[in-house]
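Letters A, B, C and D mark the chains in the order given here, with residues in each chain numbered from 1 onward.
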Amino acid sequence: MRDFLIKLSKIERRYIYLALFLALTLPLIFPPNFPQKMSPTVKSVFEFIDTLPPGSHVLLSADYDASVLPEVDPMYRAVLKHCILRGVIPVGMTLYPQGAVLALDAFKEAEEYLGARRDTDYVFLGYQAGFQAVILGIGENIKNVFPKDYFGTPIDSIPAMRGVKNYKDIALVISFSGSSVPVTWVIYAYSKYHQKVAAAVTAVSAADFYPYIQTGQFVGMLAGMKGAAEYEYAVRKIMKDKGIEKLPPAKAVKGMDANSIGHLLIMLFIIIGNLGYFASKRRK
Amino acid sequence: MIWIYLIINLLGNAPPRVFDVPNDGGNALMLEWQLPPDSLGKVDSMLILRKTLPEGKVDTITKVFINHPEFVDEGVNYKKAYQYSILYFIGPVQIHSEWSPPTKPVASWIDTRKIPLFILMILYTTILLVYIFTARKGRELYLRPIAGLEAVDEAVGRATEMGRPIVYVPGLSSISDVATIAALNILAHITKKAGEYETKIIVPVRDPVVYTVAREVVREAYYTIGRPDLFDPGQVYFATDSQFGYAAHVSALMTREKSATNFFMGMFWAESLILAETGASTGAIQVAGTDAVTQLPFFVVTCDYTLIGEELYAASAYLSKEPLLTASIKGQDQMKLLIMVVMILLSLLSVFGVNITLGLF
Amino acid sequence: MHISTDPWVWVAAILTLAIFTFLYKDNPLFKFAEHLFVGVATGYGLVIIYFNAFKPNLYQPLFVEHNLLYIIPFFFGILYFSAAIPKFSYMMRWPIALLLGIGSGLSIPLSFQTYIVEHTKSTILRFPYPNAVLFINALILFIGVLTVLIYFYFSYPHKGAIGTISRIGIIFIMIGFGASFGYTVMARFSLLVGRIQFLLGQWLGIHSVM
Amino acid sequence: MFQRRIPLIIVFITGVLMSIQYFIPHPISQSAYNIALTWFRGVASMAYAIAVISFVRHHSRRLKQPQNRFYSAVALLAFLFMCIAGFGFGIGEGTVFYKMYLNVQVPLQATTFSLLAFYMASAAYRAFRVKGFEATLLLITAFIVMFGVTTIGNYIPFIPRLTEWLMAVPNLASKRGILIGVGLGMISTSLKIILGIERNWLGG
């Protein structure tokens, strides 16, 4: 027994590599679909949107470019679908020039899978230059900043925008980003106009944002692939409950399941490595 | 378009107040205004007009937000003067304010907000110079021993015992990176040490300028110990400037040459673990040193010894046995002490309700 | 399952596999890929540096706009070629000096700002705190920064009280390292998942993995 | 004289000017700054010439070694091919140069980068052993955070919060402490370079 344990502390690295390769590949081919329990910060965002009265407006700012796509894009898609499923009107915009095309694709997906209609179920405003000026401007009058939407329709003639003037008429702003833009939203929209703000960010930048959660400046936060997967899972569940048969690809859930198994594998290796280490130490 | 500006001028509307924005290059003016009295109706929107003097050219600058009664015009030049006027739209009526008196933006020669930082810089320079002059006078300065140093020499010794080469990676950054400078200092020491035992040292480099300097450092080191014959122009070379191309190359190098000792000193990014873990898999002794906080965990886990952050700079001072470098470590220490005192003092003051902002931007 | 018919995808897939073979052991296929990588990357670097750095910053202002101010950097740049002539190779130090001077000069005030002032400012305790948790966190942070700084204080040996304090410092450092290590695993796994998805999905055509 | 003094004078003058300009917002200082930056980029770009010379020399030398001949020829040919493609036929989208970049360099880069996943696993297995106090601390925090970032971690009530706390408090404290010291070292080295005290870059 002890010899076996000692052997465990000296597994050749090639076997570790092989095990890891399988741990990350098999879940991609045979998705395990682990049930995802929401972490507290994700839950606060989800529940906020879930309990909004239908017809409320949520501003989804796609403040990211292609470099952080794998983590942030699934979040945008999931939150957007959640809004539509709940009858909340998502208003898409971006502070990054590249963001418009990326976000538009998410709206197209919502059209395809949920039959969302432009200008009645959602609004897409597109890109406007200048971070601070745009955020402050919306507090004044959204029409000043976005006189027309992305497709050139004047804001006044969009049915879904009726009665929306400034932050007072917007229930929540979510900034999707891989940088510090969510903090800019906090500084100008939260501090000046008391607008509720949430963040959806990459895992790397999330570490800098935890203090804002503690002080309540963010309603909640979706962090990294994990946050994306948790939200995506919940939204897919709503879709299934509603009897929608054709579901969009579960990118984040799939990636996260593979990732979780990979993490567990490393942890397992650490444990058996230490068992073997103890066994060999006791022999001496 | 001109006719828009020719509108009934009601009751002599006050012009906007114009201020120079201080501490800039004379490229901004700030405007403040008061909305016309409510009796005239609610303002729907407004435009700011700017007249550039001496030409007298009028531009419409921007649409602004009504309830935010200030605006910074960043499109001005310190060589010219400007007048401003505001055009209010109230229903079908347009109201034109008077022109503000001509204002010239001022280009400042010093940014007063940065003065505290400047003082701090002078202070630090002085502390450093004081120590450096003390050292020049030949006074011995005490520094505590650091554990990693013996590790460096032991690692060189081991390569000698095994009769296998040393691989020295001077980081992936450029010559203006402090870590690279420290790495080159350490390279000089290690080359001398290795040269005494005729142990081969291979230095693949990623940055072209660092390559030329590293080559000179190695040549010079052999020359100092009286063995210029040991220098082989092929032992220091530019590998490639692609981060992962370099990582792939050095991984292969360590595996093929079966190096007994690997040094990773300088600035590293994500490739750190590729290098260190491949090196570990060949059973080599490894000593790392970097000030890249994000990569330190990986070196600490995979290397036999790691110089953490400042220890890298300190090691370069110790090993080069240059009293002036030791003096500067001493100067850094005193500055560190000062920072700690400031932190504690300001925190204590805050306990008693006095919150001092450092006034540093 | 529809295996890709795009030859470029095949090239990318074979090279991907070639790199992976290094995990088993060094072999001719990897050695080929490594040398190809180094060659292509160096060629790419030269072409890109020419078009993105040399052309706009030197060639354009000097030879097209005839701005004579740019003779100076061009002259300095030419000196690099003295590397090829041993007798004059010391001249190469001039451009290096120019780069170092500009680089060091720029970095002094900026490093003060980003490394010293910002970190010091956000570490100092600021009362009042909205709740006890925030205060305790700020206090731990404060103690952590101070003890780590003392660990790096070289003028006094790690003995007595200083020894104890720097021991606390090293505890913070180790916890920090452990946390960053654990936190980075996800990002690296995601990269590998991306490569596996490329191999299985784009190359072998198992689209369900994407 | 020419060997050491002139470079030291150049470093001193440019260094002092560049550190002072930070405090002067006047357009004259700003345009000097912009010119210095283009000079910097221009001169730095020409340094690549050295890279190319060294690269070609290094691999030509290896052409004489039978075991390396083939591979160094591959490196040289690949280099030459990219140069001809880039300078001869342009670098825009759809060119051979761009395709080589996208289908040769990018996958090689991404795959080498992804090797890190394997190395993370083997490094953790090999090094995370309960020996000594510090190693144990490292192991435990890494373990908690790894658990905290997975889906399963959410089922244990305190794990997600603890992970956040570890990242936001002790991790931040250690980073800050290290960075303050590193900053001081950077500044002092830059000063020493400008003042001509640190001369190692002159080569020995």
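Basically, contacts are C-beta pairs under 8 Å (C-beta built on N, C-alpha and C of every residue); 3 or more make two chains touch, one makes a residue touch a chain.
Because the structure is predicted, anything quoted here is derived from the model rather than measured.
The chain with its Cα centroid farthest from the Cα centroid of chain D is A. More C-beta pairs in contact connect the chains of B-C than those of the other pair, out of B-C and A-C. Distance between chain centres (mean CA atoms), chain B to chain D: 13 Å. Spacing of chain A relative to chain D, judged by their CA centroids, is 30 angstrom.
In chain B, the residues that reach two or more other chains under the touch definition are 114, 117, 121, 124, 174-175, 209, 212-213, 240-242, 244-245, 248, 281, 296-298, 300-301, 308-310, 336, 339. With touch defined as above, residues shared between interfaces to two or more other chains in chain C number as follows: 19, 22-23, 31, 33-34, 37-38, 41-42, 44-45, 83, 92, 96, 99-100, 102-104, 107-109, 112, 116, 120, 123, 137, 145-146, 149, 152, 173, 176-178, 180-181, 183-186, 189, 192, 194.
Within chain D, residues 19, 22-23, 44, 47-51, 55, 105, 108-109, 112-113, 115-118, 120, 122, 124, 126, 128, 138-139, 143, 146, 149, 167-168, 171-172, 175, 178-182, 184, 186-187, 189-191, 193, 201-203 each touch two or more of the remaining chains. Against chain C, in their complex, chain D makes its touches with residues 2-4, 6-8, 10-19, 22-23, 35-53, 55, 71-72, 74-83, 86-87, 91, 97, 99-118, 120, 124, 134, 137-146, 148-149, 165-184, 186-187, 189-191, 193-194, 201-203. Within the complex, the chain A residues that touch chain C are 14, 17, 20-21, 24-25, 28-29, 70-71, 203-204, 207, 214-215, 224-226, 249, 251, 254-255, 258-259, 262-263, 266.
Contact residues of chain C toward chain A in the complex are 23-24, 130, 133-134, 137, 183, 185-187, 189-190, 192-194, 196-197, 200, 206, 208-210. Every residue of chain D that touches chain B in the complex is listed here, in rising order: 19, 22-27, 29-30, 44, 47-51, 54-55, 57-58, 61, 105, 108-109, 112-113, 115-116, 119-120, 122-124, 126-128, 138, 175, 178-182, 184-193, 197-198, 200-204.
Residues 117-118, 120-122, 124-126, 128-131, 139, 143, 146-147, 149-152, 154-155, 160-161, 164, 167-168, 171-172 of chain D touch chain A in their complex.
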